[in-house]
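Going in written order, the chains are labelled A, B and C, and every chain counts its residues from 1.
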Amino acid sequence: MSEVLLEVKNLKKYFQIGKKQTLKAVDGVSFQIRKGETLGLVGESGCGKSTLGRTIMRLYHPTAGQVLYNGKRISGHLSKEENRECCRKMQMIFQDPYMSLDPRMKVVDIVAEGLDSQNAAMSREERESRVVKLLEMVGLQREHAGRFPHEFSGGQRQRIGIARALAIRPEFVVADEPISALDVSIQAQVVNLLRKLQDELGLTYLFIAHDISMVKYISNRIGVMYLGSLVELTSSQAMFDRALHPYTQALLSAIPLPDPKTERKRSRIVLEGTVPSPVNIPEGCKFCSRCRYAEDVCRRITPGFHQVEEGHWVACHRYAER
Amino acid sequence: MQNMEVTKDLFGPAEADAEEREKISRPTRSGFQDGWIRLKQNKGSVVALAILLVLVALAFAGPAVARYDYYTTDYGAIFQAPGPAHWFGTDKFGRDEWSRVWYGTRISLLIAVVAAGLDLLVGVTYGSVSALLGGRVDAVMQRIVEVLIGIPNLIIVILLMMVMPAGIGTLIIAMSISGWVNMARLVRAEILKLKNQEFVLAARLLGTSNREIIMKHLIPNTVGVIVINTMFTIPSAIFTEAFLSFIGIGLQEPKASLGVLINSGFQVINSHAYLLFVPAVVIVLIMVCFSILGDGLRDAFDPQMRI
Amino acid sequence: MSLLEVRDLHISLQTYDNVVQAVRGVSFSLEPKDTLAIVGESGSGKSITVKGIMKLLPKTGRIDAGRVIFDGRDVTEYSERQMRRLNGSEISMIFQDPMTSLNPTMTVGKQIMEVLREHEKMSAQDRKARAVELLRLVGIAYPEKRFGQYPHQFSGGMRQRVVIAIALACNPKVLVADEPTTALDVTIQAQILDLLKSLQRKINTSIILITHNLGVVANIANKVAVMYGGQIVESGTVDEIFYEAQHPYTLGLLASIPRVDDDSGSLKTIPGTPPDLIDPPVGCPFAPRCDRAMKICRLLRPEHTRISGTHCSACWLQHPYARQAAGKEET
């Protein structure tokens, strides 16, 4: 197995709302991403997956914990030089194809933004030829360079965002729900593009999404988040074959399959109620208010995140009994 | 087209056309070009813009084409009704009203534009600094703004006018001293909104320096708000100037501004109403046209409207 | 007789300097107890089609041609006012975002009673009883207590239930649901889909469901119409569309969804971008992206060809000449 590229150690990000209340958006998350792999991160809205991605990308200061890149700490305060290094190696693709491109800039300037800020001394011709190459890499054409973002469709905009992120040849890319706002046929386009680019450029991805079926397709391993914590983490195959956490099971069972005959026969685990607010979460397992198997111990003690099989981590007291 | 004959050879495979697949039908236009096209479709705005242009042209060319200047008195020709010699008549000192009206318009516009420019400069700087630094600095700067808003505008202006010598410069300073507050708040709100926009985050992650982010992303995206707000500041500055001159603490004769002219016209309203009528019409036209144009600009450049 | 019949509907939207031909000749019919899913990507005209039927088009929208016949009545020329009387009592609609369709300053109970007062003659007491009953019907626990609460006290999924309760207040014959689960999480989506299915069994409403999620379609619909570029390109029963699809777009769409239960590991995509309906393609709207496109596809718009009693596809590949050409190649 290849070496570890990114390691997240007990990362916490709390937001203070008002004087007394604390929103625990990310609450003690640990995982590793190996070079060249894709780690998928799924969870429902408000589970903290986007905050986690942004904290790793240093857009937020972590409340506690560390992020290590190639064994070096990159969270917290860094020197200017280290900062530049981070920028060059880690990039991000954003969710909203409409808000992630500056409406006042032409595509050529959007894509070249990273080039401009990383090496200012680039000739005009080189800059343009690099941009055209990047656009072609994501399936767009030379003549698109002079247009403004609002003239493009959602999928095309997302590809422009990908070209922008890849312009400075990063090693690690956080894709924060890059396909949620796109149509089905376009989702597949973008995901296939990301896979192709991964093969060609040797990229490592953290792929955040709420659509678990798309995540399965692109990821080697998948982590499931619930209320700021990882509840299960394993290879994507194992996740679908033998999910251990009751939340993961419910999540998998809730996806409607595009297959009417199966859908007619299928019985699904329907979760009662809704996700509790991430403000002032009580002690114990965070999922116990909606869990079919909850027992006394689940309400009292927060379960640890343990490796129960090779590469299969789960945070549940009762995974073995069922 | 639909009547075309369906023949067998049409059922051969067609060439795939990569360009057609990523085709964009719309013409390339920047947001500003887009807005301009929309503005042109708004008839009210176009008419308002045309009237304003005519008024500005007259303000500069009007006195020049007249045979009289605005300050020479002629006691042999006082209170003449509008006619071929004096197009808008003469006032109580026999001064040519046509020259005085356009000269006054020029002064009023000058005061308003310079005051609005000062508002813009101070307001944009203050607002963007406050929004960008954030934290404690922002909190302190906002408290200062709140205090300034709390003191009635007119009181500050009147007090200042009383301690300072009368003149155009004083008027401008008096109006700008609290006028920038609105602009500062608007710009601050806009930048705070933009700061967390995904394209600004992306720029930060790409290593773009703060200065570049401000120049390349934040300012271009706030220009719309700034221009539109200025469009509303100018008429209110014209109004304030007219009001101050009307109550007698603004400009003094023989200088002319729309306020001064309305004041002297008002004194003879019963006998020579034309002396009030002409400057009043001009000021109303300026204020209404600026407001309509401002509304039109807001509609045209509002990003929500873009389809 | 069909409950709702739409014939050759054309709708255009005026932008400030262009005309978008959003719907270009859509026809379908809805029988009692049907659940018809209209599937398509954004900009395919699916939402505008039902908005046109419901007279809820934006100010810039216009019905250029076509007829809408509801329950034997031609409602195409109905005024907004006449349509509003029909809306809510015989045909009602739920939207994607439950928050925008609820009034934040009114208790949910009042909002349900409001609809009842407009459309049915009932005493205040009966109305209240009916409102509580409706809340119970849509699976809201403690309906008496929830009756007096405001929308912000409900979670997203619960709000959508309230919206459904309002829509069903007068036992409509047709319920139009425009992306009812798109804004919700998967686990909540599953709850709402189950609810819609059980309600349909209980009160015999026909449903028109607009969605882009084929999983949702497979779960709930019995008939499907696939829209692309402002036209219906294929329609049929749910099994016909999922297992015997003929149109290259439908096939491409089905191939581009990853299957959790399938491990082939490859995902097909449809290259390119949907057409901008400011300037729609002359022939088949899908031709520029279709890998089986023929010369004729670029020149002429294909007619709907019947494949079975219920299955139609608008594609030149269904033409006898195309079959001959394909046959020749094989031999």
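The rule is short, and it goes like this: a contact is a pair of C-beta atoms (placed from the backbone, for glycine too) under 8 Å apart; a residue touches a chain by one contact, two chains touch by 3 or more.
Source: prediction; values computed, not measured.
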Taking each chain's centre as the mean of its C-alpha atoms, which one ends up farthest from the centre of chain A?
B
Chain pair whose interface holds the most contacting C-beta pairs:
A-C
Whole-Å distance, C-alpha centre of chain A to that of chain C, is 31
Intercentroid distance (Cα basis), chain C paired with chain B, Å
48
Touching at least two other chains at once: which residues of chain A meet that condition?
139, 156
Residue list for chain C, restricted to those that touch at least two other chains:
271, 273, 276
Any chance you could list the residues of chain B touching two or more other chains?
22, 24, 26
For the complex, give me every residue of chain B touching chain C.
1-2, 4, 6, 8-14, 16-17, 20-26, 37-38, 41, 305, 307
Interface with chain C, chain A side, in the complex: residues 44-45, 139, 153-156, 183-189, 191-192, 210, 212-214, 216-217, 237, 240, 250-263, 268, 270-271, 274-275
Chain A contact footprint on chain B (complex, rising order)
18-19, 22, 24, 26, 28-31, 197-199, 201-209, 212, 216-217, 220-221, 303, 306
For chain C, which residues are in contact with chain A within the complex?
41-43, 155-158, 185-191, 193-194, 212-219, 238-239, 242, 252-254, 256-261, 263, 265, 267-271, 273-274, 276
Residue ranges of chain A in contact with chain B within the complex
54, 57, 59, 83-84, 87-88, 90-92, 94-96, 99-106, 113-114, 116-118, 139-141, 144, 146-148, 150-152, 156, 161, 164-165, 167-168
